[in-house]
Structures are given as structure tokens and as C-alpha cells.
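Heads up: the structure comes next, in C-alpha cells.
So that you can tell them apart, the chains are marked A, B and C in the order they are listed, and the count of residues begins at 1 in each.
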Amino acid sequence: MDLFLQLLANGLVIGTFYALSALGLTLVFGLMRIVNFAHGELYVIGGLLGWSLTDQLGLNFFLALAIVVLVLAVIGYLIDRFMMNRVRGQGEEPTILLTIGLSIFITNTALLIVGTAPLKVSSPFASKPLFLGPVVLTQSRLMLVVICAAIILGAHLLIQKTSIGRAMRATFQDAMAAQLAGIRTAHIYGFTFALGAALAGAAGMLLGSIYVAQATIGGLVSLKAFVVVILGGMGSFAGAIAGGLILGVAEALWGGYVATGYVDAIGFALVIVMLLARPYGLFGKHNERA
Amino acid sequence: MVFERNFLLAALAIALLAPLAVQGEYAMHIGVLIMFSVMLATSFNLIVGYVGELPLGHTAFLGIGAYVAALLSSKFGLAFHWTLICAAVIAAVFGLFIGAITLRLRGPFFVIVTLCFAEVLRLVANNWVDLTNGPMGISGIPKPDWAMSGDVLRQKVSFYYVGVVLAAITIYLSYRFVYSNIGRAAIAVRENRFVAQSVGIWPFYFGLVTFVLAAAISGLAGGYYAYYVSFVGPEVFGFSFMISMLIMVLAGGKGTLVGPVVGAVLVVLLEEFLRDFKDLRFSIFGLVVVAVVLFLPKGLMGFITKRHEAYKVRQARDA
Amino acid sequence: MLEVENLSKRFGGLSAVSDVSFGVKRGEIVSLIGPNGAGKTTCLNLITGFYKPTAGRVSYDGRDITGWAPYAIAQGGLIRTFQKTNVLKGLTVFGNVLTARHRHGNTSLLRAFFPGGGQRQRERELRDEAAEIVDKVGLGARMNTEADSLSCGELRLLEVAIALSAGPTVLMLDEPAAGLNTEEAQQLGATLKTLVGKMVDALLLVEHNMALVMDVSHRIVVLNFGRKLAEGLPEEIRSNPQVVEAYLGKPAA
């Protein structure tokens, strides 16, 4: 029983991390209908930038986080303005191909700059173990769960309660109507993509303080994020959280009770089952076109 | 149709005669890579251009073909032609299974789930050590009989001509497929599902037939590759082949039979040219993909046909 | 021949079609009319399998085809056109019509790879038949033009050609006269009348153009708010006060 609780706790912790790393992806899809295959690479940039700021330059963790968020937001805005903008309205394929090309470019360029070595973002939290009943968690992980939850909550409030969030939702429901209402849709597109990129980068840096920041993990991060988003439903906040937790717990339990080699495969198996049973995920919305 | 046929026949003639003009081991090596790439690009193009979806996990079938050939030849001593047939057939069976599941989905969902299948296969290849030797891979694949005699140059020439034959078979089957009632049905589904259904075409079925054919060709290519390189590891399911396939079909022009051939030649030559810049290679490839999507969406062949048509219109106008 | 019984379709809380029943007999031209939003196209979609009914039955030649997939229904001979012009944009006019001939062609992969003399002959016949149909609808001059360069009227002709090429027993046209002027609509009417009995067994028309409807129909079915309002001969419908009211409203008291 104790093993189960420990695995469950581990799973929930990892699940929260998965949820944050998938949030940017689901947002950009839900609002812009763009599937960003470079999502993992933006995460990687966040991690590597976070490492260079904290480890190499010795900056304060939270200051570095703010810088990472800002830089990634700018990168996201530029990507949207100069690439996605040119193929808007041409359907899904060009955006998929563009972001794939971008991901190839970013991964390799990052490899050239920092090499293949796994790096760590310097964390301000100690790795002290905390004992919550039969379960052991490190302080740093717990703090990170709190920060992740805070960011997820913040993003939710941004979209639901602020005027720019309203503008975003309006634009993606009906761009023409939004323009007529005075919303500068061109900026909204860029801002939304920037938000997605910033979330990816933040996740990259935060998780880089517990796991690794490495140039080559972009593909795996993207894939895991896709699993989360498909399980929970594309475009749904609650879905990203639910999907993340499910994936985290499933992996922890499988890894603990069965085998560790195929742990990654559990996510893919879940995706395949989900896409057959409920293609739109647990929380996804689908309308029969009248 | 006529242009395509003439182009392809000319390409075949050039391929057959090339070793007379360009000699040497290195040239033959490039030739083998080109033939392999033509098969791969044609197979990928069948799905991208004729089903209209992007199978980012297409390396699954390449890998299956390679592993089947490697296992059958090194563990069971099966002859070359038999292992290649098995490679194609088993890849086709996997294609049937995977296609039946993935073709229910469209757009990014299709992309992701095919990627998931390829990843699962890679994990299996990496972990099922008893069968696949895990990360160490299967090495020492025995050379086929016709490649045993003579010096290295002669062996490479033999590989090259076998490659030409396989590529020719691939293109023949694809050509027949595209210009048949079945190919027309697949194209109709790609163009407009509603129209296709309203004239009695079952979208899922024709997508599946195309998918299985593409898988078989990919498996064939994988088997050929395994013999040439004499080693198969889990990386064969990985992304580097995928990038090449993408660029070949995008740059050459998807949805045409000529495009993948042109793309294959271009990409192989490009990769060799960039061999010196090994580290920058993939960065450049990423930029190439972006550039092609933004500036040359119909690929080289599409660009050429558009210019040709514009030229004809101008000619008619000035006449 | 074609029987629709108690057909209903709900979209969430909206009842698009309620309890509609009618039939189309061999040799008939039946028109489905009604104000905008009456459910005419929805009915067509239900009959041809593009929507699944919430209740009711569709049967064809005695067979229950309710809920069949669209392609299966089309293979049975019920061919339709769409309200929004739907053609294969990337192909030429000839390519479109040849592709539509699919039901009459080979579906075996092996025979596609290794066509014998018989198969080659069949392909030639298919191509001739397709060219003939293109000429018959009047698009002969645009045989090798890309579909996306056609004018609006030509696109509608192409749609009809595609439907005819599929070899329908019952042809169902969704607003074929939309965007046509009086003369063009009259020509369409003449063409439709020649079709029945020769190329198709029966015709179901969804239409707004009253002149055309009155001219060609043997029977008319009127829908309003998803329900069947009236059914009968053209003269009966024309003088039916409920129908007039549905279209024009009640006169101010």
C-alpha cells in the first residue's frame, strides 16, 4: 500500500509538470487551431536559457524565470508574425510543416551551441526530503508543483478575466466580428502564440531545475505534450491538467509495478486507445456541423 | 500523364547508363542512395500526395522492412529475394493494422498517432533484446549472392543495378496505381471527401489501400537498405530518415510521380554536398523545410509546371 | 421506389426535421420546397446518409437504407449534388467526370497493376463515356480546363455532370437553379425533363425557383419549420393557402 501511495504521489507530481508543459500547446491549438510541433523546442530554449542565466551568470532564479518568459514571448511573437502569418487560412498542413521545419532548425542549432550534454538549471530550493505520512517528496519538487499550479491558475485568469483574454477569445471565435469590434486581430494572433511559447519556456526552465535542460529532448517533450493534450482534449485547460495527471500517474504505476524500459510506451498506448474511443479527449468539444 | 511517363522513362534510361559515364565507388554509393531515396520518397508521397495526410511515423515501415530483412537473413539464412518479399509483405501487414487505426483520424491527430506508432516500434526495437539485440542492433547481415563476387567496386555496381530495378518496380506500381480507377478514387478523397462519397467512393477503404501500398514499398526499401549497410539498429525508426523524406517530397512536389524522383536526387546530392558541414546539416534542412513551405509550396515540379503554363498562356496571347 | 417515413433530425435542442414522410416513384420528378430553414437540405442529407436521422426510416426499392454510410447509399444509385458547389477543384472537367465514373470501373488492385487487354478496353470505354457526358451537359469546350477556373454557371453544370457520371437511378439535386437567370433556368428545366426515363429513373429536386418547380414537377412536397406542410400536384400546391402563407405571411387584418 505504501508503495502505491508513493507511486501515486510521484505520478501526481510528474503529472503537474506534464500539465504545465502541455498548457502552451493546448492553448495555441484551442485558440488558434495551430498544432505547434516546435513546442518541445521552445521548452528546450527555455531550459537552456534558464541554465545560462542561473548557472553561468548566477542570476536569481525568479529573475531568470521572468527573463525566460519575456524572451520566449518575444520569440513566439516573431514566429507568428513572420511565419505563421504568411500561411494563415491555408489550412492545417502548412502550419504543421512550418513548425516541424522550425523544430528541426532549433534542435540542431541548440546542439551546435551547447552540445549534447545534459545541463541543470540552478534551483533555489533544497532537495531536502519531506515526509508526508508514508510518502516522501523533495522540497524542491513540492515547491515546483506549487509554482506550476500558480502559473496554470495565472494563465487561466489571464484568458478568462482580463480584457486581452476576452479579445483573444473573441478573435478566435470569429476574427471578422472581432475586427469589427475594434480588436487588432493581427496583434492578438502574435500575443497568443507568444503566450504559448512563454508557457513552454517557463516549463522548460522550471523542470530543468529538477530534471535536465538539454538540446536533444525537444522531440520527447513535444510527444509527451501531445499525449497529454490528446488525452485531455485539445484546447481545454482542464483537459491539460487531467491529461497530465493521468499520464503522470499511469507512467509512475507502470514503471513501479511492471517494467521501466517501456514506460514511455504507456503514454502512446493510451493515446491510441483514446483516439479510437474518444477522439476529442475527455474534455474536448466537438460539434456536428449542421 | 504523357509528360510524366516520358520523364520517368528518360530517368530510367539515365539511371541504367549512368555508371558508364560516372565511375568509381563513390559514384556508385551515391547511386545506391538515390535509388533507395526514390523508393522512400515515392512511398511517402503516396500518402502525402494521394491520401492527403502527413504520416510523420512513416519510418515505422522502413524500420520493419529493415529488421525483417536483417533477421531473416542473419538468423535464418534466407536468400535476398525471399527476404525482400517478406520485408514488403510484413510491412504491408503492419500498414494494414496501423492504417486501419490511424486513418480514422485526420490532420494533426493522424500526424501524432502515426508518430506514436513509430515511437512504440523504436522502443520495442530498443528493449526486446532477445529479438532485436536492443540498442546494439543487428550487424553482420550477410551479403546477397550476387554481391559476393568481385572487388568492392563491382559489388557496389551490383547493388546499384539491383536498386535501379527495385526503384523501377516501385515507380511502375505507383504509376499504375495513380492512373487506375483506384488511384482516381484516392485522389477524389483527397480533393473533396463529400464529392467522393456522393459518387460511391468509400474514403476509408481507398485511404487504406494507398497506405498499405506505401507501407509495402517502404518495407522493400528498408530491406534493401539493410543489406547495403549490413547493420540495422533502432535508429532506423528515428527522425533523420523522416526529415529526408519530408524534404524530398516537399521540395520535389507532392502529389506527382515525378516530384519524389526529383526530390530524391536533390536531397541526396544536397546531403552529400553538406557532408563537410555535418553539424550545420540539419539546421539547414530545417530552414529548407520552412523556406519550401513559405515560398515554394508546390515544390520544384509544381513551380516548373506553373511557369510552363504561364509561358504557354503568354505565347498564345502574343501569337 | 424511394420512401421516406417519419423522418426526424434533432441537433441538440433544435428540431430541424420532424416527422416528414413522402415518396418518389419511378419516372417522377418530385420537388421539395419551403422557405429558408425549412429543413429541405437537411432532408436530403438524411436520405443520402450525410446525416443520421434521430428517428424515422429511409428505404429504397424495399431495402431499409436508414443510417447507411453516404458512399454505400451512393453505390446503390442514389446520387446527389450539394447546395454549396462541390467539385474536385484540382482536376480538369474531364478528370472530375472520369473520376465520378468510379462505380463502373475496376476496384481490384491486382488488375490495376497488371491490366490485361480487357481492363485496358474498359478504361478506354470509361474515358469515352465520361467525355460523352461532358459534351451532353454542354461543357465540351471546357473539357480540359481546371475546375477552379470555371465560371459559376459552368461549375453547376460540372456538378450535374459528376452526378450523372456516377450513373444514378435516383438523382437528387440541391438548388440546381441557384444563381441562374430566367433563360438559364428554363434551359435547365428542359434538360431535367429529358433526363427522367432515359438517364435516370427519378428525380428529387430541392429548389427555391418556383417557375422551375412548377414547370418540371410531377409532385411537390412543401416543408415548413421542419414539418411537412402539404403535398400534391403543382396546381394544388400553388393554390394552397397554407403554402402561400408560409412563404408570404398572412395579410394584415
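Quick note on the criterion: contacts are C-beta pairs under 8 Å (C-beta built on N, C-alpha and C of every residue); 3 or more make two chains touch, one makes a residue touch a chain.
Computed from a prediction, not measured in an experiment: that's the story for all the values here.
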Chain nearest the overall C-alpha centroid of the shown protein atoms: B
Most distant chain from chain A by Cα centroid: C
Centre distance in Å when chain A and chain B are each reduced to the mean of their C-alpha atoms: 33
Between chain B and chain C, centroid-to-centroid distance (C-alpha), Å: 41
Euclidean distance of C-alpha centroids - chain A vs chain C, Å: 48
Touching two or more other chains - residues of chain C: none
Chain B residues touching chain A - in the complex, by the definition given at the top: 54, 56, 101, 104-105, 107-109, 111-113, 115-117, 119-120, 123-124, 126-127, 239, 243, 246, 250, 279-283, 285-290, 293-294, 297
Interfacial residue positions of chain A with respect to chain B in the complex: 29, 35, 37, 83, 86-87, 92-94, 96-98, 100-109, 111-112, 219, 223, 226-227, 230, 261-262, 264-265, 268-269, 271-272, 275-276, 279
Interfacial residue positions of chain B with respect to chain C in the complex: 173, 176-177, 180-185, 187-188, 191-192, 194-203, 209, 213
Footprint of chain B on chain C - complex, ascending: 48, 50, 69-72, 74-75, 79-82, 86-91, 95, 98-100, 102-103, 105-107, 109, 112-115, 123, 126, 162-163, 165-166
